[in-house]
Structure formats: structure tokens, C-alpha cells
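Pasting in a structure now, in C-alpha cells, and then I'll have a few things to ask.
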């Protein structure tokens, strides 16, 4: 049985097909880079997987469980966690509370000490363990990103969706971030990361898929994909447009 | 320890208060207990989720009306039970239909709901039963009303405190901050909101039922007075709707202030009231508790760091 | 909740409770330092909220007028011949019965006033009746129309109901219409609309059987919700119904809206009857000076010198004339109080007994309660000239014959 | 029958629509949920009546004076009271709640002032109260005038918003207050204009109410509620939407009164309103 199967997923916004019949599969423990120019439908695809948007048609399944047609909270409980393109923390809650939420409501549903342990571990993992009782709204940008990642980890997910999690970091922070994700990959969870920073993709993703105008135009080992003429054309097209 | 002992001691003291007070003093206590219950139960749902509900009086009035209709047919405890049941059913119905609405649409919907309930009851009474205006002749003393309200208020606070420590409370806070994150963290938005809304509305309905014998004469125009909804919101927000003791802290002083103003400035009372409201919005936008906290923070700017 | 918020909570709670208690204390304990040689009279009426309009027309002006007069004359006469000035304590019930109940408790137990004057409105008077009974105060409920008065009198022995019930007014109107039908001045068909509140329903319930008994045909019978402001559709329906009598058991501003709509659409039934508001002094102005012939609830004996004098002084002191229904009765209830105090003093039981059995000279003439109710009332009045003149009961002294058909607008 | 419903309904709807125009501007452009809207309307009505009674100023002429006065009052109100709230809330959603609370206080304040200044009495004037025959249906002339004022004001506003540069700026702020500054729009100034214009329209509606109806100082909430219903149904900030929703409401009420049961008029209004809210929270004519 495949870990994650995406079969002919379609998302239609009025006259626009943001995701146009994408099929993709992922093995357990695999890290996939999802690439493509702006507006190519990457984030929309993540939204279809996490349930933030309902798919117009097609089928997405995790470990044989069909995800399409279910609510985000049901999908979360099925083992999918994500970060958002624009970082979304819960500003009025403490770091600890932020991270406890998926531990409590996620697919393992801990409460009390167990939930706290999970949350603390997740905070430790991203290096925020010492500030567990601080208010999330006071954090700096990088720490907010770390917090968001910790929150995704505390769900103890099987599949982690990272939406440009590394964007906006300075070179030092970027290295830290890459190390952090690498350590996660070592834990055996499947990761799909939407990313523009090629350095990070090369470092983290053995395999990449590229989208353009809602379609999948390449899927394979990262090095091959990046040298694919169709991919280069897609990116160059974007440069010319811009 | 002290966190349980202190409120308990206060509760006992308050329960004994009617023995020492004049009827008017007792009347004040009834009013306070009533509004503390309303504000606290309102905050149970709205405080954390930030869904400002103006349907308070829809449930409050429904409770009073249930008593008015049933008080001669059923024994009093059963009447209360029926009121609670009707309130819960109504809340479920409303909750199921309003979960899609957010922000100001929810506010306006709940206000419209109160009016709709009032109009429908009026129409039903006029055309079907042919009576409008019912009498409640129950042998219940003011002290008994007070004790019931006090118990309900204590129950509401206990329930709130308990919820704060349960997943439900956490879920409500998350919903208030960011519903998208809440959903992606595995929180069933619809269920959490529905449960909290129903709990809150049931308590409000009961409060209306308990307070109703003091009115004797009940008419839709009397029991569905929208001022109740507004006062509840203001009291809860003044104290700080997302704190356990916030609504109480708003309800007690505001209630006494209203009383003071209406006693001493009967002619110009609305002007004072209005000016006060505006002042609260400008000076204490997040409630008394948050205001005090900020003050302390300013004095000791390192508190938060020290805590961490 | 973290340690920190808890500290803040406790702190805030202490602060708020002390402020609250402080305020509460001043509220609760600043009882009036009333001098022994005054009579304190308290009332709680609606100075704000929806009931403020009615209270502001019928109740408050009369209270103020009476107090001013009595004090100008040296105060209330006591049985021993001494005179005591009136000191007033007034509260605003904000049109809320909860606030009203509390205000009455305050008047009775905190201010310990000598006498409590009633609030405005049926519901308000009912809400305070059990309290007044418990504290032993007599209640002269004037602005309260209820068919249950006989029951209430038994339930609350010191309550007095002075404005009759819905059935009385409906029956009076039926008599007027039946007489007109017999005289051939109108076709016997009635179009009736009513407002959906306790008052409107009471009247309609009385009117349906009363009209049937009087041989009148109801060709339209509709109820509209409180708060309706547009009557164009209802009135055009009434106009089309062919009824010779139009009856609206309405409240202001509804009764005013009905009038204006009828005028603008040129609806001229032989009988045009509206509910509360028709007897208001502002009505002729609202009817654009064409109130002549309009019938409504209440009425006064316009030829009575006492009533004329009352109208004059009300106009001089308050600035507007009183309304021609409950105002004079409100004033009369105060005169009864004044005379009762002169006879028996301020003891509540003695006062109640005196109200129950005594005979009083008031603006209404010689006034005596039957079974604790004022039954000697005018049920139907009609605008004739500058006065809203009583026309029913037709056999009561001072009644004028109704003008039917009403002149066209 | 049908014709009667149509004509009476449209005329009634005209007063409703006029009432709602100001609120839709205030809420749509300035983002102020003004609960004191009805009180502002009433204040204008009282002033008009006072002018009429004191110096015999004809109401139609008075309206011409009251509308600019309303604009000035709105401008002042926004500058003194709303601006700090707007500034404080920034991009967060707090303005909505803050404005509800602050204007709720304003409601009491104005009501109290009106009670003190004009008393609790019902007030009305008789002005152009005679009937006019339209296709066999008798309609009061003053209502027709209110209807005309509504059509003129609504039409002019619709045109100005759709066709002029000023209108474009207004619409830009209504649609996206966050990005309007990016194209060089002073959002605060536009919001103030919108609020002031809304107040001017409220004053205009108040003037027409004074000509048509009997009112008292405590009636404000009724007008706020009616206006609010129409604004939500028409889509917030949507002037043609408010016009259509106002007319629709007038027609529905007249229809219910005539053919179903007058007792259900208000219930029907609220039921329709709640259905619209549930079905299309952005309003019948809002962008979805």
C-alpha cells in the first residue's frame, strides 16, 4: 500500500483550474520538494491535502484512508500536519499552549501530563524549550516559524506539509532551518515541502516534483528535475513575465 | 488550595447575606447574581471564541416565558427542567444554523434572532391561544430566587473554571485566535462551538426562568427587552470576557453604578450611561483585568521574561 | 490560568469589590435624611425606554403638578390639623420591570417612604403588586387596564384598580355602535384592527362577543405587531371592506399613524375609533386640526367646571393640557390620597380602608370605589370642538350625544 | 389588489431604502457599525420639527439645511470619537467590536439628550398630508416626496460611486482598506467622508420621517434595526443593493399584511433577513 496517493486531483476556482489533474504518490519517510513558479498551484495542492480547500474532483488517500471530502480536523486526526505560507501562530496563547493543541486534538489525543510531554519535546526539538511559558505574540519572526513547526510536530504526524517554511530566513537561520528539517526527516515521517530556495531543496529533498499552471510537469530525482528543459522553461517564463 | 477555599468562603458568605439584609439589599443581590450569571455564561461561549452574541435575551426571555406558560401546570422543579430543556433545544437549533457566520454577521444574526423569537411568540399567543400577557403566581420568596441564582452563578463559574482546564476550554481559545489553525490542529470546530453555545444558552435560559417570578406579569415586550443582551455584553467585556472572574468583575460594579445613577440622576441617567460606555471603550478596551495587568507590566517590565 | 493572571485577578477583585461595595453602600445606605415634619412620597416611573412616552404624558406631569400644588398650599393636611410638606423621591425604572421591582423595594425598605405612587402601565402595576402587598402599601393602580381586577383585589387586599378592563371599553363601544345602527346613521359593518400586545388582545377579546351581541357585523378583524409603523396596506383593506365603522385598538404611535393614513387616503367611515392616544392633547395637532368626530377610549365631561379648572392649571403648570382619559383619573387618585391622609393620617391599613370605603371629592366629581375598583368611568369619548368629550355610558351625568356620521376629514 | 400592493409597497420601501443608505455608507466605507444610527436620524427629525414649530420653516426647506448640518456633525463625530478607535485597531478586526460598543454608548447619550431637550412626548407635524391618486391607489403626498428624495439621493449616489473618481476612491476603500494606501489613498480621510456622508443621509432620512410619521425620543432602535436589516440584505457598502433591498422589504411587508396576516409582518421581515444571512452572508448583491 502506498503511503500517500494523490490521484487526478482537481481544484477549480470559477474559470481557473488551480490544480489540474495532479497525480502523485509518496512513500513513508520520503521527503519530496514541491517546486514551481508563483501561482503554479503548489499551495493549493497542499490545501487540498490538508483539507483547507475541498477538491473539485480526484482522490487523495493516506495509508489507504481517503482524505478527500473530509474536514481539516478529520484530516489532521488522520495524521496530516502542516505549516502555513504566512506564518500562523496563536498570539494570545503561550508557546506551550500553542504546541499542546495538536497534541490534545490530533490523532493521538493526549491530555494532561502526556500532552505536556509531547508539547515539550516538540518545543525542545525546535530549540524553544526554554521559553515554553512565554506569549506567542511576543516572538520574533524566526521563532514564530520554529513555533509553527513545533506545533506541526506535536501532532505526531505521519505526513508533514511545509509551505515555504524556510522563506524569509537569513543565511545563518537558513542553515539552522535546514538542519532542523533534516533531523525530522531522520525520524521517518513523510514530508512534502513547497520551497523556492534551491539550496534547501538540493540539501533536503532526494526527489522533487514541479508544477506549472496547475499541472505536474516533472517528477523525479531532484538533480534530474532541475535540469529538465521543461522545468527551466517554466521558471524562465516566470522571470520574463516578472 | 486558596483558589478553591476563597471562592467557597465567599459563596457561603453570600448565601448567608439575605439573613442580614433589607429587602432592597436583597433585591440588589438578586440583580447582581442575575447579571453575574448572564455575563459569565455569555463569556463561556463568547469570551474566548470572540463571537459576540446578542441573543442573550432570546434565551433569557424564553426561560421566563416557559415559566409563565407552565407554572400552573407543572411543579416548580419540573418547570425549571423544562425551561432548561427548551433553552438547550433552541440553542442547538440556532447553533446548527449559525455556525457558518462569523464577525459582525453573527452579531446581527443573534440580534435578529431575539426579535424573531419575540415576534413568533407574540403571533402564536395572539392567534392560537388568544392570550397575551400571562401571570406567574408562584410562592417563591425573593430569598429563594436569590439562592437559586447564586447557585446558578456559582455553577457557571465552576463550569467555566473546569472548562478552562479541559480540552474544550483550550479548543475555544484556539478558535478565538485562529479558526484555520484550530481546524488543522484537529479541532472539530462545529462540535466545539455547538457544545459551548448550548451550555451557555441553557444557563441563560435557566437564569430567565429563575428570575421570572419577580415579574408576576409576563408579556413578550417585557421579557424580550434587548437592553438585557447589551448590558450582558458590556459587563462581560468590561471585566474581561476571557478570564474566569472577568464577567463578575464587570457585572458587579456596573450593576451598582447603574443603580446609583438611576437613583441619583433619574432624568439624565441615559446620558451618564452613554458617556460611561464610551469611556470604557476608550480607557479599558480589553477589560479591567487586562488593564490592571498592563499597569503591572509597565511597572515591572521584566515580569514576562522572569516568568519564562 | 497562569500565576500571573491569578495575582492580577485577585488584586483586581479586591479593588473592584471595594469600589463596588463603596458604591453599593452609598447607594444602599444614603437613605434620605427626611425631616419628621415632611411626608415622603416615592415613585418609580419610566423616564427612559419605551414606556417613557406614556409615563411622560399621563403619569409624571400629574405627580409633579399635584406635589407642587400641595406644597404651594403649605403641605398635606394631617388629621390633627397640622400641615406637612411633601418630599419626593423618584426613580427611573428604565421601562424594565426588574429595575422597577428593585426600585419599589428600595422605596419601601431603604427610603421607608410614607406612600408609594404607582408606575405607568398595566404590566408595571402588576409587577409591583405583590411587593406593595408584602410591604403593606396601598397601591392606587391608575394606568392599568385589566379584566382581572376583581381577582387582583382579592389577591392583594390593598390594591385599587381605577381604569376598568378591556371588556368595559369594548362593551361601551358596542353600545355606541348599536345605537348608531338603530338610528340608521351607519351600516352596522365594522372593520377592526388591533395591536398584538396585552392591551390590544384584551380589548379585541371583549369586542368580538360584544359586537356580535349588539348585532354588528365584523367584516375585518386583523391584528398587527407592536412596532408597526406603516398602515397604508391595512387601511386600504379597511377602506375596501365597506365597513361603516373603523375600530383600531391601537397604541401610539400606531393610533396616530392610522389617523394620518386614513386622512391621506381619504377614508371617511361614519365612525372612526382609535385606542390609546386619541385622548392625548396632541391628537388634534396630529389630525391636522381635523379631529372632530374621532372617537377613542376615555373622555371627560367637558362641561364640568372642575375638569375645566384642572385642564387650565395643568396647561399653566406643565405647559401642555392633560390627556382626556387617564390623566384626570391619575390626578383624582392623588386627590383621594390627599383627602384620605387628612382624614386618617399616614397609617397604611387605615389609608387602605379609607380608599375602600370613603367618598372623595375630586376632579371627576364625587368619587367612590366599588370593590376596590373605580367603576364610574367613561368608556368612549369623541372629539367635539376643543374637547374630547365623553359619550358613553350615555346614561351617566355629563355624557354628550355622539356625532355620527363623523364629518369628513 | 396586485397594483395596490405594488404601489404601496414601493412607496413604503422608498422610506426604508432612504433610511438604509446612510448606514450602508458608514459601515461599508468607514467600517463603523453605528448602533446610534437611529438616534442620529431621530435627532434630525426633532430638529426639523422644532424649526418648523418655532420659526415656521417649511420642512422641505429645513431638509436642505439639515443635510449639510448632518454632514458636519458626522465629520465631527468621526474625528472626535471614531478616529482614535480606527487608529488603535490598525489591521486587526477589533474596530468592529469597538465601534459597536462605542456607538452603543452614543445611542444612550443621544437618547438621553433628546429626552432632556424634547421630552418623552410623541411628536409629529402635518405637512403635505393629502392623498394623491396614482393608478387608482391613494398615496400620501409626503410619502411620495420621501420616495422621490430616496430615488434622487440613491440614484445620485449610485451614479457618483460608479462614474466619478471620487466614487472610485470610495469603492476602493470599501473593498480593500488594507491595500488602498498602496495606491496613494488617504484611507482615514475617505472613511471620514464616508461616515459624514452617511450621517448626512441619516439626517435626510430623519427629515422625511418627521414629515411622514409620529415619533418619540425612544424610537431610535427601531430605525437602526430596519436600516441594518436592509444593509445586510443589500450587501454592506452596496448602495444599489440597499435600494433594492429596501424596496423589496417594503413590498414583502405590504404583501404579508394584505394577503397573509398582519401579525406576521415583522416576523416575516426577520425570517427573510435571517435566511439571507445564512444563505448569503455577504448580502444578496454582495460579492461572493
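Residue numbering begins at 1 within each chain, and the chains themselves are lettered A, B, C and D in the order written.
One rule holds for everything that comes next: contacts are C-beta pairs under 8 Å (C-beta built on N, C-alpha and C of every residue); 3 or more make two chains touch, one makes a residue touch a chain.
Since the structure is predicted, the reported quantities are computational estimates derived from the model, not experimental observations.
Between chain A and chain D, the least number of touch steps comes to 2. Within the contact network of the assembly, the step distance from chain A to chain C comes to 2. Pairs A-B and B-D differ in how many C-beta pairs touch across them, and the larger number is found at B-D. Set against the Cα centre of chain A, the chain with the most distant centre is C. Once CA atoms are averaged chain by chain and compared with the all-protein CA average, the nearest chain turns out to be B. Centroids built from CA atoms put chain B at 42 Å from chain A. Mean C-alpha position of chain B lies 34 Å from that of chain C. Centre-to-centre separation of chain C and chain D, using mean CA positions: 34 Å.
For chain D, residues that reach two or more other chains under the stated contact definition are 111-112, 115, 261, 263-264, 266-267. Touching two or more other chains at once are residues 2, 47-50, 196, 223, 225 of chain C. Annotation for chain A: residues touching 2 or more other chains are 133.
All chain pairs that count as touching, in label order, are A-B, B-C, B-D, C-D.
On chain B, the positions that touch chain C within their shared complex are 3, 22-28, 30-31, 34, 119, 122-123, 125-127, 130-133, 135, 137, 164, 211, 214-217, 219-222, 225, 227, 239, 243-245, 249, 252-253, 256-257, 259-260, 262-263, 266-267, 269-270, 288-289, 292-293, 296, 303, 307. Within the complex formed with chain D, the chain C residues making contact are 47-50, 52-53, 55-57, 193, 196, 222-225, 227-230, 232-234, 236-237, 252-253, 256-257, 260-261, 263-266, 277, 280, 282, 285-289, 320.
Note for the complex: chain D touches chain B at residues 33, 81, 84-85, 88, 93-94, 96-98, 100-102, 104-113, 115-116, 221, 225, 228-229, 232, 261, 263-264, 266-267, 270-271, 273-274, 277-278, 281. Chain B contributes residues 50, 52, 97-98, 100-101, 103-105, 107-109, 111-113, 115-116, 119-120, 122-123, 126-127, 226, 230, 233-234, 237, 267-282, 285 to its touches with chain D in the complex. Of all the residues in chain A, the ones that touch chain B in their complex are 50-52, 71-74, 76-77, 81-82, 84, 88-93, 97, 100-102, 104-107, 111, 130-135, 138, 151, 155.
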